[in-house]
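Next come two complexes built around chain A: one with chain B, the other with chain C.
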Partner chain A sequence: MSLYILPKERLPEFVRALQGNYRVVGPVKTEHGFAFDDISDPQQLQLDYTTTILPPKKYFLPQREVLFSYHTEQGDNGRQRIEMRPVYQGVEPTVIFGVHTCDMNGIMLYDKVFSEGFRDEHYMERREQIYVIGIECLHPCDEASFCKDMGTLTAPPVYDLHMTDAGDFYFVDTGTEKGERLLLDHVYVKMAEKEDIQKLGQILSSKWPRFRMRLKMSRDQTPALLTLGYQAKLWQELGERCLACGSCTNVCPTCFCFDVIDENDITLQNGERVRVWDSCQLYEFALVAGGHNFRESKASRVRHRLMRKGKYIKQVHGLIGCTGCGRCERACLVHITVPGTLNALHEEMQLEPGV
Partner chain B sequence: MATKPKIAFFDFTSCEGCQLTVIDLLQTHLGLLDLVEIVQFREAMSEKDEDYQIAFVEGSCTRKGDEARLLQIREQASMVVALGACAHLGGINALKNRWAIENVQTYVYGKNGKDAYESYPARPISAVIKVDAVIPGCPIDRYEFLRVVQLILQGRKPRLPDYPLCVECKLKENACLNTLGKPCLGPITRAGCNAICPTYGDGCEGCRGWHPEANFTYMREILRGHGLSDAEIDARFTMFNHYQFQHMGDEAPITTPISPAKDEPLPTSTFAAPKEA
Partner chain C sequence: MLHLHENLKTTTTPLRYDGHTSVFLPAVATIEDVKTETALEKIYTVRLPGGQNLGHVPGQFVMVSVPGVGEAPISVMSSPSRTGETFKLCIRKAGDLTGVIHQLQPGDQIGIRGPFGRGFPVDTFRGKDILVAAGGLGLAPARSLIDEVLDHRSQFGRLIILYGAKNPSEILFRDAIAEWEERDDVEFLMTVDRPDPTWFGHVGVITTLFPHVEVNPYKTVAVTVGPPVMYRFVTMELLGKGLTPEQIWLSFERRMKCGIGKCGHCQVNHRYSCQEGPSWTYAEALAFEEAL
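Moving on, here comes the complex of A and B:
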């Protein structure tokens, strides 16, 4: 695809032009950090943000999503009649600015999960209306980041546009044709020239030493490590510490599990079937009719989460289920971390260093 | 629905704030009155009928005399719902259980207090009668009240969230107060209030009771990290849940004695005890 130059002073113009046709969201400053939110004034957009509590997954899978509405009434024959109408919620042309490379990897996994096997029409309808504008990560967000270990430090092919900060201007790479149209229709940009491309190469290659490695093994080893360590003592220790608060999964860019519930209006005749985010770390997640719980202990739930991230997701979708964004580590009050857990497991299993 | 179920509201030792919340809810959700008939509600109306099927009880049981009235309600109602922290947990009323009851009576009502006013250790209403459903909180969450009423009317079992407040806080993208150095009991407290206190910057005080997997050991570690002493942590743990800890006996995850000591002096308060007449 093509590489363009967008002078920084022209970014507000680009955002304003988009606002005429799209919902524009991106990272904004909050009281204690940053969050993805609607942009009303281009000045709100903080492309040099560190991290957010929730990843942009909230635009792909809303926390509360109506799947269909229903109306019930007493029929002539005395039997209850139910009418159902499908609902596609939040399907509107949306441009997401400032998506970090880890979160783009999360989106790539989401796209696989919701399109492979059972195709989720609610997700896909919304997905088709979303434009992803990435931002190249030139510095780690903080100490919790381990994107370099997870191989998510470069942009995967899910972006429509991808920006790289070059001081006075942004390089804008076009990932899709619709992304290129979005750019060219809304702002004046010029094509990058040979020396520009050389500068981009320098920016990209000089960023790597700024990121540290935290895993004692290669990410390719994690499925085998987790298989070997299934019965490890470590899980018991982590289970005792775990608060069962589900924060790790709620903030995770690849966690997608949901619950489905019916909500009635005040008349009890009308209602909606909604799906809401759920978490495998909560007690009720694997509780089934009859009262059996497949993962009753916190230890089994902590293990399950790591298994999903490091092994199961890869078996099903071919991608590792962790992007190294570090959000779960920042959210965990008892300091259960993915690198810490994998390293401890590696030690308990007495494996040779694999890096 | 052919006939509307009749419901009644009752109050015991409480501030009546939960009933006020119900009245406030009715201002925006008047349609609720198409589903039920309110036959007794001292806070809101003068009419009074003893024929009801669902009883909502606010307040804790704090005197012998309360028991007969509770039993009478249980006898009449096919369903009893505890409304709010006092009825559900004993709530802050149970803080007095820490001291010998005579001392409390004298402290509050003066020298002749124990003859003038009947009192005994506070208990949740479930300690006296069978309770079919609970709407927790201090005060209750109006929308949870509405959901519970709807479920009861549909013949479904009202269920409370079985997970901690942190879930709701994260979904709202609140910065974690514990991370910011402000004590918050969210990690051990049952969700359902939409994390209202942390959302406005105040740490959770546990008014909805603990969730079934509350991890007191590590909650204490987190609070120690804020520089709180064990006694201060105990005070936070027991604020709304004194009765629950009392009944855990030696298993209670607290470090200071919780059972009444006859000679222990009551703390001095910014609200002075009433002057002797």
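Moving on, here comes the complex of A and C:
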């Protein structure tokens, strides 16, 4: 669409203007690292952040989300009567600032998961009110990043606006008309000129050498690698190390599995059915009534997570299930990593180096 | 990208409140009748709002809710041919939710979503011999097919039913079994793993029934429903009878929390059992390692 220029010193003014009409969230500094949070003062916004503890998925799929409320009572016939009302939680115009390209890839997957097949209205109602403002990644977040391997170093078409740091101003690319409308009425936002566009090209092309590759194979080979390595010894080793804590799935921008539970109030007559983030790494995840557990061993659960990331999600949704953000690596207490696992599998299967 | 079988038939409950729909919102259904079947199982006759037909195919399931307790997948026991304004569920007391359901009485309301999943492709079964191998509670989903065949008896070939129960006290549907044993056009064989003094029939696991049946592999379709441990052995017997993997249908039970292919619990490798299953042929199941 169109390319604009926003002077850096005007960013606080721009944020304040948005706050009049939108909930504005973005990366802020906390004592544990960066995190997406509500912005009250534009100075809190840290657009040059490295990585956040949680991806912005929490605005798309809240950790705890009410699906409907219910009321039960004894009817005139003495029998149980039920009333249920759907609840659409967190539906408000929200601008998310500073979304990295890896996380935009996560959002792209979420959009497919919750709109394809059965449409999940709870997700979609909220999604329609969200504005994604991306920020171009010009430097790797840290050693755990492997976005270049996963091909997530460019912005996918999920952003409404996308910003690129050009020193004393930001380039702002418009991805949607709804995004472009956010720029209207700000006299300091100018259309980019021809020579500006050349500068943007230079910035974008010069960033690539700064990112290293960590995988011994290309991302297109991971499904085949995981197919070949399904029975690998590696899974037993990882199963012995894994603590089954679920940290990796909690922080993952592509993990969307959830549990559905009922929460009663003290009368036991009223309550809410909620969905909460769940993890395939937990023992109960594939346990059925009668006691059979389809993934009883940690080895089978670790393998399932990697299979989903590198193969299954692609088979179902056409997109690779890992964005290379590195969050699971940072969160893992026993240093199980996606690149480490895929590379070890590649070694064990004695495969030729990939292309 | 989802490979959906042509016989897949999924519907949501088209309930609307406040102008919105939610795929998670159950329809408010009423229990019309409760029949105690065994010490563990009860049969519930359920009526949807306005007596709406469930519109399912044999082998599909519904999500049953008791608000305040939870929701779980339950196979539909009624055949479409015996589903009018009500349908039947056979529910075993196996956990918190089913424990509460077992206390419910006629007139109590429950939540129903569905039907969900891919059932058995009955249309492709017409003209063929049907062999049903059911273990334990698996006879409930199997009945949705058996009754459909019985109600259109001339459209199918032989109907062979093999049923295995743990012990005589857990035998389901004694009335129906008496009818099947009586009929000339049903070949019914039953066994129990652990006999008691009341039992004079066959003893052993379900596979011990197979030497007693002749099947024509050229025109037989087998449908197997039961506990996970049963599938490997029953499938071996069926292959031994000359059936091909394409002729063997299996129903895969999994933990399910949404029924709509999102929550992740029911995944068998990359497949969602709640949508692309629970019915798969053995040929299809061979393509995923986690199936058996």
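Here is the rule we use: the second predicted complex is superposed on the first by the 351 of 355 C-alpha atoms of A that agree within 3 Å, B and C clash if a C-alpha of one lies under 4 Å from a C-alpha of the other, contacts with A are read in each partner's own complex, and residues count from 1 in each chain.
In this section, a contact is a pair of C-beta atoms (placed from the backbone, for glycine too) under 8 Å apart; a residue touches a chain by one contact, two chains touch by 3 or more.
All values reported here derive from a predicted model rather than from experimental measurement.
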**Partner chain in contact with A:F258 - chain B first, chain C second, else both or neither** = second
**Prompt:** Thinking of the overlay built on chain A, is A:Y283 touched by chain B (first), by chain C (second), by both, or by neither?
**Reply:** first
**Item:** First, second, both or neither for A:Y188, with chain B first and chain C second
**Value:** neither
**Request:** Determine, for the superposed model, which of the two partners chain B and chain C contacts more residues of chain A.
**Result:** C
**Request:** Considering only touches as defined above, state whether A:L54 meets chain B (first), chain C (second), both or neither.
**Result:** first
**Message:** Touch test for A:L268: chain B only (first), chain C only (second), both, or neither?
**Reply:** both
**Message:** With both complexes overlaid on chain A, does A:K311 touch chain B (first), chain C (second), both or neither?
**Reply:** second
**Request:** Would you sort A:R241 into first (chain B), second (chain C), both or neither based on which partner it touches?
**Result:** first
**Asked** What part of chain A is shared between its chain B contacts and its chain C contacts?
**Response** 264, 268
**Request:** Using the touch definition up top, name the residues of chain A that touch chain C in the complex.
**Result:** 67-68, 70, 72, 75, 77-86, 88, 113-114, 116-122, 125, 230, 256-262, 264, 268-269, 271, 273, 275, 278, 280, 285-290, 292, 294-295, 304, 307-308, 311-313, 315-318
**Asked** Can you list the chain B residues touching chain A in their complex?
**Response** 29, 31-32, 34-35, 146, 150, 153-154, 162-164, 166-167, 170-171, 173-176, 178-180, 186-188, 211-213, 215, 217-219, 221-222
**Request:** Show which residues of chain A lie in contact with chain B when the two form their complex.
**Result:** 30-33, 35, 52-54, 63, 240-247, 250-251, 264, 266-268, 277, 279, 282-284, 298, 330-331, 333-334
**Message:** Could you list, by residue number, the parts of chain C that touch chain A in their complex?
**Reply:** 1-2, 10, 12, 17-18, 20-26, 28, 67-72, 92, 94-95, 98, 104-111, 227-229, 253-255, 257-258, 260-265, 267-270, 272, 275, 289-290
